[in-house]
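A, B, C and D label the chains in the order they appear, each numbered from 1.
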């Protein structure tokens, strides 16, 4: 069916999903951590909005709940925590430029195409208009993973991880109108705990290697295990 | 039902309790007691299932497949607790590597880990399963970095990130599964209940199931330690406290594999009528073989004793995945048995390794020498453990490998040479490291430590028993599980 | 119930006795005498039971089976005993009994050492139990369990004195090759089971895999059992492991364990695999000849007494497999009688080797015990210091040199007789190959004589080459009694081949469907009197008669007219022990002639010339393999580079690739 | 009558050989002397030597063990027994059954084993030297000899010497290439085994060149006598072997007195011819250096192998 034939709500959903995808790109490209956090918050907001709109479209209470959870968690709580960490670690000005921006974005684009190709068979027997959102969400997940691969900042990696979570949420919302409540809660709880732990780790890493550059976390590489001693334990 | 509660939620009770308990010495005992309670519950549960068959209620499902894993988990949890009490006391009081807060964290998280494991095994809801497995990561990740050394922190970070990512992929798979289910199920039905899904599996949309399975495989496979997703495993094993390594190898990997197999069952059923019926099995086989071969090579020229044995865990996980992938009653039976014996053997080995590292005061293999002179019990424990893990009869691992080879010889004869080659390389790698540690003259200034070899003796005795004669009840369970997974049994 | 019905119970009793011996040994940790008072007597009991069971099984030609409530639910352990097993039970008992008599004396010197007696006892018991289990197993699973138990226990025995680095190395090599062998055998059974649809030997016997799979099974069995039996090129563990173990264990390993491997091979190839192929025979003949020649050539160059014996074991097993090859060829060509003859030759050779090598290893143990060295270049003149051991060792050497009237000659003679029937074959290739094999055998025999002349002459004759040897002392009664028992066994095998072959004939009958004729008690005429005949008793009688006559006639007229004088020194300084021919010097000519067979390293310093004779298979086969493994390990390690981002990349790539595959 | 005669003959055969052995040695020596334009010792000298030695007291090295004194008797007995296996004038005598060629070689092996041990026993350099060289010789010569036997056994389908001779006599005389090779090999081996030029020199007095004599260096008196006699017997034995295997004509195939009586002079003639042949070869050849001996023996082994192969390829196929 053509886009025009869709009800307004669905059109809005598609638009928001597209913006979510764009936010994923932005997150990937954004080198300044502070800005990246903001982008991440926006992405969360978009996902929450999608959930809410679909709830409105389908009248499924479940979706409102997940929208609320997302809003609370991804838009408010986690960005706030990241902010605090940023300040405590004095990283506000910290930038984490990509090694090969052009290449990365190219790869990202390729991944989007791939995601669409993979999701096509999955989507094609779903009859709701929002089926292609599945492809988008898959793309967001993969882009999050890509971000974790290309970013050297631990904090950026966490953002990538959270972005993947967003993608998952998007998928759940778009394809299945949300998971059962208990699962939603469980996932949210896990994400929250994970975030707390991340915070703990930032501090630990910071005072162990005095930076958050994950590439410097490589003394366990087996080649070292082969030849030299690890430094004596305190 | 009460048995389930006793088995699963006793540890949950332990989490806050031990977190608040100030006295480390007492905490050790409490930890032990709770594990014992949980084991009692598990045994009761087992008896119940043995008598009344599959038990599914209140979102739990305990059938032949997971009941023996529940017992195993509770058992290993207990024996490891027995070991960890003196061990952690030594670390805390003698070595001063962990403070009082650390000890509280340790004991509380130990129970938390057990809880997640048991929950993951007993739940019927795939979503909860996911939550539990993720919870297991969260519970253990802080324990890996318990010693706060840079290496430990690094290991924990890798563990955290990689497993987090993997588990996220698994969630996507779960969502896809749910998505597929929703198109078959009437509204309101719980599309994540495994029982429900299994009932309607043949109608699930193959194309969706394939994608879902890939995500689930990669996701849970990361936790199983399938190559090339295994990188976190040696680090986490080698840097965490030894009891953690024992339960990680003995339990976590098993539970992850359990999840994968459950998903495979659904996928197989869904793909039965499609163009590629054996796809899930083939993927699993491929992963298993790759894992196995990579791991056996990595067993050579190791310097860190715990890394050595973590690679051996990877190797055996590969074998099990291969076995489940081959499918068919014989291979599946072998893989199920292998899960059991490997868990027992490997945890006993890690217990011994813990003592060995205390004797030699290092994890560097070339500095551990002449254990059999310094402390014969530890030396023999290590030697026999290694012999068992290398697949020498009359230990049980030989039995499962024997069956696995036989099954492969029937189904994929041309793959057997690879397996055999791998087993030989593994044996060589293990013994070329283990033999010098056990035999030879002891270096000066190496003294025996207070070691509790009871868990080791117990585990090895069980493995020996399984190698000589499998008890009827267990055989029955395994056979039921085989029926469940492959549709046909052996007995 | 009749005596025959007792066969299997007796065999089981033997196993139980061995296990009991293992079970009581831990007492030795507190109470050292437990070993000599409990463990070894129990082993002796096991030996007696095995002897009885073997004799009954052969005598009454019984075939009994039983099922144990152990093993897998659908695959319980099955036992059975038949003439073939009987032969090897006989061998096991015949060697184990002397060992159990000899053992206490030998183990006594470990008592105040640091090596735990308990380990020794437990491992020995399990080792014996494993070997018995292999002989009794009637299904592949129990067979493998017993087999690997045997390997594992003997591994512990090899690294019993583990403070010597070379013992540890030997143990490692041994364990590794044992594992390889075990897995290959497992595969062989796997093939047979896949064809027969069951792991019980009965099922395998019933089934007939197609030619390709049968050939694969044969190759796997040959490699697996051959590795354990020390066939070239899988023999390298043997000369390392046998010297490392305590001597009475070396005797068991060399005399019995290798035979157990032989048993397994016979069981699989001749019994389970069924259809004989001349191709198998040719393979066996070639491998056997190669092992025999290489084994004896290397034995010739050893300066360590026990290593020398170990290499000679390789040679003997080579001869056995050569004879098996002949049997296979004749069977395939439709001459069951000749096949039976060749098979008998092989079995008799195995029996003789068991007795002789048992005796020689016990003797070597006595030498080690008395002179505290195994190196020929430090021994000498022991015959005068340890006369009893010396004379018994001489008997062993004569037997190994295969001269009449000893038993070694009988089996060699039988093998020749079988080979000389090659003219009955029609295939041209075989007609050439078999005589060639006979030629190789002839060469081997001659060189074997050289090996043992050298060993005996250097170690027991001449003059002591070191202080410890000069003060060597005769060993105690138990150790002598052990050797004496073996000498008795050898005498029987040497002088009454007829009756013995009559017994072994039952096994030949079972495997080839025909038993050779004419095995009377005096004249041995395996084919027909016109063709060939051999009678050891008259030969011995005449020898003794002539000898006695000579002594009688030449008795000096007045008193004992034997004057003692210094040896001839060509008028220069009187010869010193250092001027004697050294072990290396004695074998120097052969070293020159057969140089290609050795990996030689000669170093000539100002005053001394040193030669190291290595085994080429190490250089050609094993070192490269080891390096390969390490290379691969380094490669795998490089993949584990330690960067979390790379790991994440792996995860992403895997995901994408899989998705691509399935879509 | 017949039985008694044949039994007597059976016992007679080895004794006859024993008696004739020194004569053959003396004959060879004599002919050699003549070829070198010397008068040489009378034929019976070897007998006199033996008698003299038996009379003398025996001196034994201090370093020697009891084996040293036992060895001569074993060597002598074994050689005699080996000789007893040879049919001298008839193939149908009782005791022909023990005439097994392989057993014969085995008995020679026994004799050599003890001889070499005795050589090593005194612990002198020369004994060891002789022993080592002897073993080198035999480790090629014995297989070659066995191969010769195999060649004939494959042709005549028996390893019984009498049987072989019978088969050769019974069949029509054919010219077999394998026999030529075998004969050549046998002669070369015989020369080597009996320690004759060019392998060894029985008459040498320089210790460094000795093989057989080197081992006997410590012996004296009756022991030496036994050893020497055994050596002479061995020479005769190889001569007889050549005769019986390759030119048995004249050997009685029935046990009647006439045939037996006829056999004897024929045999003497053949032996004399062989002795002459040996003498000539020893005169024209020079003793080769020890480390060239393996080459010589390998040639013998090769010839024997060729004999066997040419039998398999050329003759058996017919």
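Simple rule for what comes next: a residue touches a chain if its C-beta (ideal position, glycine included) is under 8 Å from a C-beta of that chain, and two chains touch if they have at least 3 such contacts.
This is a predicted model, so every value here is computed, not measured.
Of the two chain pairs considered here, B-C and C-D, the higher C-beta contact count falls to C-D. Centroids of chain B and chain C (each the mean of its C-alpha atoms) stand 44 Å apart.
Distance between chain centres (mean CA atoms), chain C to chain D: 36 Å.
Look at where the CA atoms of chain A average out and do the same for chain B: the two points lie 30 Å apart. Between the CA-based centres of chain A and chain C the separation comes to 69 Å, rounded to the whole angstrom.
Touching two or more other chains at once are residues 157-158, 161, 165, 169, 211, 234, 298, 301 of chain B. The residues of chain A that reach two or more other chains are 118, 121, 145, 148, 157, 214, 217-220, 222, 225-226, listed in rising order. Counting partners per residue, chain D has no residue that reaches two or more other chains.
Going by the touch rule set out above, the chain pairs that meet are A-B, A-C, B-C, C-D.
In the complex of the two chains, the chain A residues touching chain C come out as 111, 114, 117-118, 121, 142, 145-146, 148-152, 157, 214-215, 217-226. Contact residues on chain C toward chain B in their complex (touch as defined above): 69-74, 114, 116, 141, 144-145, 148-149, 151-152, 159, 162-163, 165, 168, 171-172, 175-176, 179-180, 183-184, 186-187, 190-191, 193-194, 199, 629-630, 632-637, 639-640, 644, 647-648, 650-651, 654-655, 658-659, 662-663.
Interface residues of chain A, counted against chain B in their complex, comprise 118-119, 121-122, 125-126, 134, 138, 141, 145, 148, 154, 157, 161, 164-165, 167-168, 171-172, 175-176, 179-180, 182-183, 186-187, 189-190, 193-194, 197-198, 200-201, 204-205, 208-209, 214, 217-220, 222, 225-226, 229-231, 233-234.
Partner chain C is touched in their complex by these residues of chain D: 54, 57-67, 69, 72-74, 76-78, 80-81, 84, 97-98, 100, 102-103, 106-107, 109-110, 112-113, 116-117, 120-129, 131-133, 135-136, 138-143, 146-147, 150, 153-154, 157-160, 163, 207, 217-218, 221-222, 226, 291, 294, 298, 305, 308-309, 312-313, 316-317.
Chain B makes touch with chain C in their complex at residues 157-158, 161-162, 165-166, 169, 210-211, 214-215, 217-218, 222, 228-229, 231-232, 234, 279, 283, 294, 297-301, 372-373, 376, 387, 390, 392-394, 398-399, 402-403, 405-406, 409-410, 413, 416-417, 420, 423-425, 427-429, 431-432, 435-436, 439-441, 467-470, 472, 475, 479, 490-491.
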